[in-house]
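When the chains are written out, they are named A, B, C, D, E and F in that same order, and each has its own residue count from 1.
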Amino acid sequence: MGIGKVETGITGLDTMLRGGFPEGRMILITGGPGTGKTIFCSQFLHYGATKGGEKTVYISLDETKNHFVEEMLTFGWDFKELEQGRRFTFINASDVRRIPAQAFQPSQVGQLPVSGKELARARLIDNIFKTFEGGRSIDKFIGDIGAQRVVLDSMSGLTFRFPKAWEKRQVILDIMEALNEIGATCLVTSEAISIGEARQVQPEEYLSQGVIHLQTLGTGERAVRILKMRGTEVDSVPRPYKIGETGIEVYPDQNIYQT
Amino acid sequence: MGIGKVETGITGLDTMLRGGFPEGRMILITGGPGTGKTIFCSQFLHYGATKGGEKTVYISLDETKNHFVEEMLTFGWDFKELEQGRRFTFINASDVRRIPAQAFQPSQVGQLPVSGKELARARLIDNIFKTFEGGRSIDKFIGDIGAQRVVLDSMSGLTFRFPKAWEKRQVILDIMEALNEIGATCLVTSEAISIGEARQVQPEEYLSQGVIHLQTLGTGERAVRILKMRGTEVDSVPRPYKIGETGIEVYPDQNIYQT
Amino acid sequence: MGIGKVETGITGLDTMLRGGFPEGRMILITGGPGTGKTIFCSQFLHYGATKGGEKTVYISLDETKNHFVEEMLTFGWDFKELEQGRRFTFINASDVRRIPAQAFQPSQVGQLPVSGKELARARLIDNIFKTFEGGRSIDKFIGDIGAQRVVLDSMSGLTFRFPKAWEKRQVILDIMEALNEIGATCLVTSEAISIGEARQVQPEEYLSQGVIHLQTLGTGERAVRILKMRGTEVDSVPRPYKIGETGIEVYPDQNIYQT
Amino acid sequence: MGIGKVETGITGLDTMLRGGFPEGRMILITGGPGTGKTIFCSQFLHYGATKGGEKTVYISLDETKNHFVEEMLTFGWDFKELEQGRRFTFINASDVRRIPAQAFQPSQVGQLPVSGKELARARLIDNIFKTFEGGRSIDKFIGDIGAQRVVLDSMSGLTFRFPKAWEKRQVILDIMEALNEIGATCLVTSEAISIGEARQVQPEEYLSQGVIHLQTLGTGERAVRILKMRGTEVDSVPRPYKIGETGIEVYPDQNIYQT
Amino acid sequence: MGIGKVETGITGLDTMLRGGFPEGRMILITGGPGTGKTIFCSQFLHYGATKGGEKTVYISLDETKNHFVEEMLTFGWDFKELEQGRRFTFINASDVRRIPAQAFQPSQVGQLPVSGKELARARLIDNIFKTFEGGRSIDKFIGDIGAQRVVLDSMSGLTFRFPKAWEKRQVILDIMEALNEIGATCLVTSEAISIGEARQVQPEEYLSQGVIHLQTLGTGERAVRILKMRGTEVDSVPRPYKIGETGIEVYPDQNIYQT
Amino acid sequence: MGIGKVETGITGLDTMLRGGFPEGRMILITGGPGTGKTIFCSQFLHYGATKGGEKTVYISLDETKNHFVEEMLTFGWDFKELEQGRRFTFINASDVRRIPAQAFQPSQVGQLPVSGKELARARLIDNIFKTFEGGRSIDKFIGDIGAQRVVLDSMSGLTFRFPKAWEKRQVILDIMEALNEIGATCLVTSEAISIGEARQVQPEEYLSQGVIHLQTLGTGERAVRILKMRGTEVDSVPRPYKIGETGIEVYPDQNIYQT
């Protein structure tokens, strides 16, 4: 029980998590389109920045800053203000999606000599982010500002360039290692490829230290489920949640499936 | 609450949307064959052009102008008249489907140097549309006429030339970026590949700011569902709709699945 | 409601179609083996030729003329007689299935310069049919005889040579464009690849202006469903049909699924 | 009703077929392992040879003559005797399965000039069979002996060498054309690839003039279904059958699915 | 009824088989992991060796001799003793799994001249086994000792090196032909690839003369089903079985599915 | 019954196993994300080290030592202390995941000459581990310390680099052979690729001497099932389990599926 807990800021979820996310770990938020992955992550950041005065970072692959700020205001979360108060940083990494093909060649990623040092340098994510931050890598940048909560939305925006399963897994490992070294509690979103009972498991679910699954059922009802959470006992039963005027609310005492 | 709303013109749908589509965003209309995607979009355009006197544009990949005008007249919508009143423009982009293979080579799309400016120019959609508009790109053209409602029907007519998943995603990003810069509220249709409960999610559903799903059930009944809508609270329950003599009508107080 | 209607000749179906097929459009008849696609199309031709004295054409990819004539006689339809009266033409295009591989090379199909005129000439179907009609293309031939009803049975017999999805879609577009220019009301059959509730949608369903789905259920019962019909309101509920001594009969007042 | 009927010799099946198979056509017998495809075909041959004194031929891809004769004796069918009476010929074509790869090259199959004559000569099946019959092709051989009933068991033993879907379809066409020219009523067996309700349709089902589907249900019960039969009205309801001491028996008045 | 029967030694199974396996044929034992395929085969061998004093051979691809002997002792079957009494031979063929890639080249398997003799020599299995038996092929070896019962466990351990479906089928044919020439009654195990109602059929099920399917249901219950058995009437209903202290016991009078 | 048993340390599981795991064998622990595979294995090691004073080894592919120790402390298992008492060794093999592509070339793995000795040396796993242990292979290392319980977590972290099915199987064989030679009772975890009733079987399930399947159901309940266990009779019924404050607890008298 030596692992600290980080309050999520999402009503009812901390009950399911027996206090919150394990501190300093990387948690995957996975789900179909429109399940509220971005809202989930923003609520986590906003809570930390306002209640705890923490430094927070949102790395965006798919949204512009303007759209993000505007949309989160509809929940009453003013990220512009937090940014001015130096408690929030928005990193627009969407250009990564247009990186030319050469950057993804094996010469830079997989065919390096094997000593420990060189392996460290081989991290793709590191290389990519460097390109846009003029010599300073994103993880170094985040370390410099001392961020305690970091969101990467979405990992799929990075991994889609790697169609081969083994390359994708390698990239996911690179992303996770880079984020683990930061020391912050990190949420990473991931797009579900198939939807339904007999779904395919995606490799990032195995490689993450925790997995939260958001789901919209055929009836329009929503269910959150903690698929995995290393280092803490949790409630593994799927519970209903709603996206309302003040964000996501989880009902940890209610059931989706009747018994 | 900072995002304006655009009335859809589809009876009952604005109730589900709490007022209408978020202004200036790109909404995906997805569904199987015969679910009324084209009728949905035309009704949206016709409403804006007649009720609000707005400028509207329909970019067609699969239909001729004659067929389109003739079919919409069956709902009492006279697009010929709107065109003459300069409130409607029909862009026949179906030749894009026959663009020769060279135009799709990586030299033009993915292997450019990485500075911001050049990335902008690399947009495929831009290039393609230029070919047919003699030097003036479609997005520039739409901007010039000050369109407030734009429909692209269908995106699948553009993306089918890119069989590899990562290329397809790149092209979808290009299309969306081009449309976002126009400033108009845009509807883009997309063909569902598989049908049923355990369906595959298509990448455009994640990349769009909103997703409306139209469905014909095994019984012949029809159901509309708002899968996703960034920047506004919505009704996520699937609701019945009908295609009648005056277009699509949604019944926001009725249920498809009995409780 | 400016679109004319063409009576199908299939008892009960015109009720579902609110009068008949939209005139001059291309309708896809899709279904599993033994669902009666060929009977459906022949009944449509026979009705036009006998009741309306129309010119009709049957383009066959899989059947010989002898087999066709013999089989249709079992329903009391004498196509030999119609042929002698110049109201029916049988085009045996089955040799297309044996066209050598070179004819399918990109040099002839996809890599042409992009001006409108050359695009028109690039139509594969045109080229193919020319090969067998000594310089005169099939669509020109059909135009010359002034056909009002045309059947192509089956499109799958043409498209199977193109295993790549994007090529297949290109060919389907070529076929449809060629048929649309004829001006006749055209039925094109298509073989369903998978059967069942969670089926794959085939691209021709999106590209056709109408889709009729014929189905034999597990119990041996048969159901017809209008999946799509541009330009006319229709009954989208699946209805039972039978293949009897005088052809196909649809029961537009009965249900397949009990309510 | 100008098409003659051929009695099947399978008790009860002729009732479903309204008299028998259409004369001179090619019927596909498809089903999973152990559903009795070989017994079905042998019973058809044995009936013709004994009741009608017809000439019959069995082309075997997977079984030796010894095994075949021995197994059919368990049903009381003495094919040795029929062979001695010149009413039965066993052609062991199993060596076709070991034909070297060169024989399957496009130079012999698909890249021939397109005139009608040469197309005819391009038939693969013809070429293959010639190899083993010293200059005389199998179809010519069958024509010479004047066979009225021919079985090819199984087509899958020929087509498995062609993994590409379009090649497989080409080969199936070749097989069917060769058999159609013989003039005999032909049964061809085919191995079902997938089993269950949502099955994949195999191309040979579309290309055959009739399809009989044999199935063993999860309970061990057996069901026969006429999926397709050109040129005759049939009972499309699945009916139970048994494999007993005297072969296959169909119960045309019983149902598999209760109503 | 000229085919002799071989008692299986598995209580209750002979009732389903109407006496036993057809003599001298090759029977496939297929099933998921842990369904008892190896126990089934060992029980068959042990019964023959102890009750009938027959010569038996176990060709192992995945297990060492020590593990095999030790595990079978838990059922009270002493194969060490049988070996000393020259009624049992264990052939460890597991090295076949490590055969270098060259041995699998087409030059040795598929591209040989086509005369009958050379075809015979082309048998891969023959070649492979020769490598390890110093000039004497396994089938010759088995013939020399006059084995009446032979087990090959598992075929999947041989065929996995051939990822292409048509190569795999060729190899299965080679294995079967080699075993058929031995004259012994042979059991060959095969790993099921998919599990459930809508399963894929594997090619070896069609090529074998008999198929026994072992299955563990979701409840932990076990069911045996005779999918196919050439040359004898059988009970095709799935029946329960148990793996107990003395091996496998089948209950031929009980049902899995209630009626 | 000559095979010794090893107590698992997991309450209730030994009842299902009739005493424990068969000694010296390799057992696969497979399941979806968050089913507790790592907890299962750690509990097995901790029990052996504390109750029996055994030497134990944990080979980690995906977790750092710090994370592992910290997480297991939440169950009250102090692996730091065990390490200091020389009863536990943590081997961080995660760098294996970054091995450059050349190491996986056929020249090192599959194209070696075939004599027994060289086959032994060809073992990939051996080679890989050597790279990181400076000349001493991991299996030799484990042998030297006399480990009685060994965990490899997870095999998927090794095999993902081999996308081709036959290569993956070869690697799994190499891993198993290396572990079998150690003489210890080994647990190897494996990530389930698909989840649900109609799942794909993974090759490691066939190649392992035992398979334990851990599953989280849709309701959040958990079920453990012994799919396979060579050399001992077991309870094959799925039984519920919980992950509580002191690790995994199995309820061998309760049912998941009601009867």
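Brief remarks on what is shown
One rule holds for everything that comes next: a residue touches a chain if its C-beta (ideal position, glycine included) is under 8 Å from a C-beta of that chain, and two chains touch if they have at least 3 such contacts.
This is a predicted model, so every value here is computed, not measured.
Of all chains in the assembly, none touches subunit A and also subunit B.
Between subunit B and subunit C, the least number of touch steps comes to 1. Listed by label, the chains that touch subunit B and also subunit D are C.
For subunit C, the chain whose average C-alpha position is most distant is F. The two sequence copies subunit C and subunit D touch through a face in which the numbers common to both fall below half of the numbers used overall. Distance between chain centres (mean CA atoms), subunit A to subunit C: 51 Å.
One inter-chain figure worth recording: subunit A and subunit F are separated by 29 Å, centre to centre, where each centre is the mean of the chain's CA atoms.
Touching of two or more other chains is recorded for residues 197-199 of subunit E. By the touch criterion given at the top, residues 1-3, 106, 110-114, 116, 119, 122, 164-166, 169-170, 173, 180, 197-201, 203, 205-209, 211, 225-233, 235-238, 257, 259 of subunit C touch subunit B in their complex. Of all residues in subunit E, those touching subunit F in their complex are 32-34, 38, 62, 67, 70-71, 73-74, 95, 97-103, 131, 154, 156, 160-163, 191-199, 216, 218-220, 222, 243-245.
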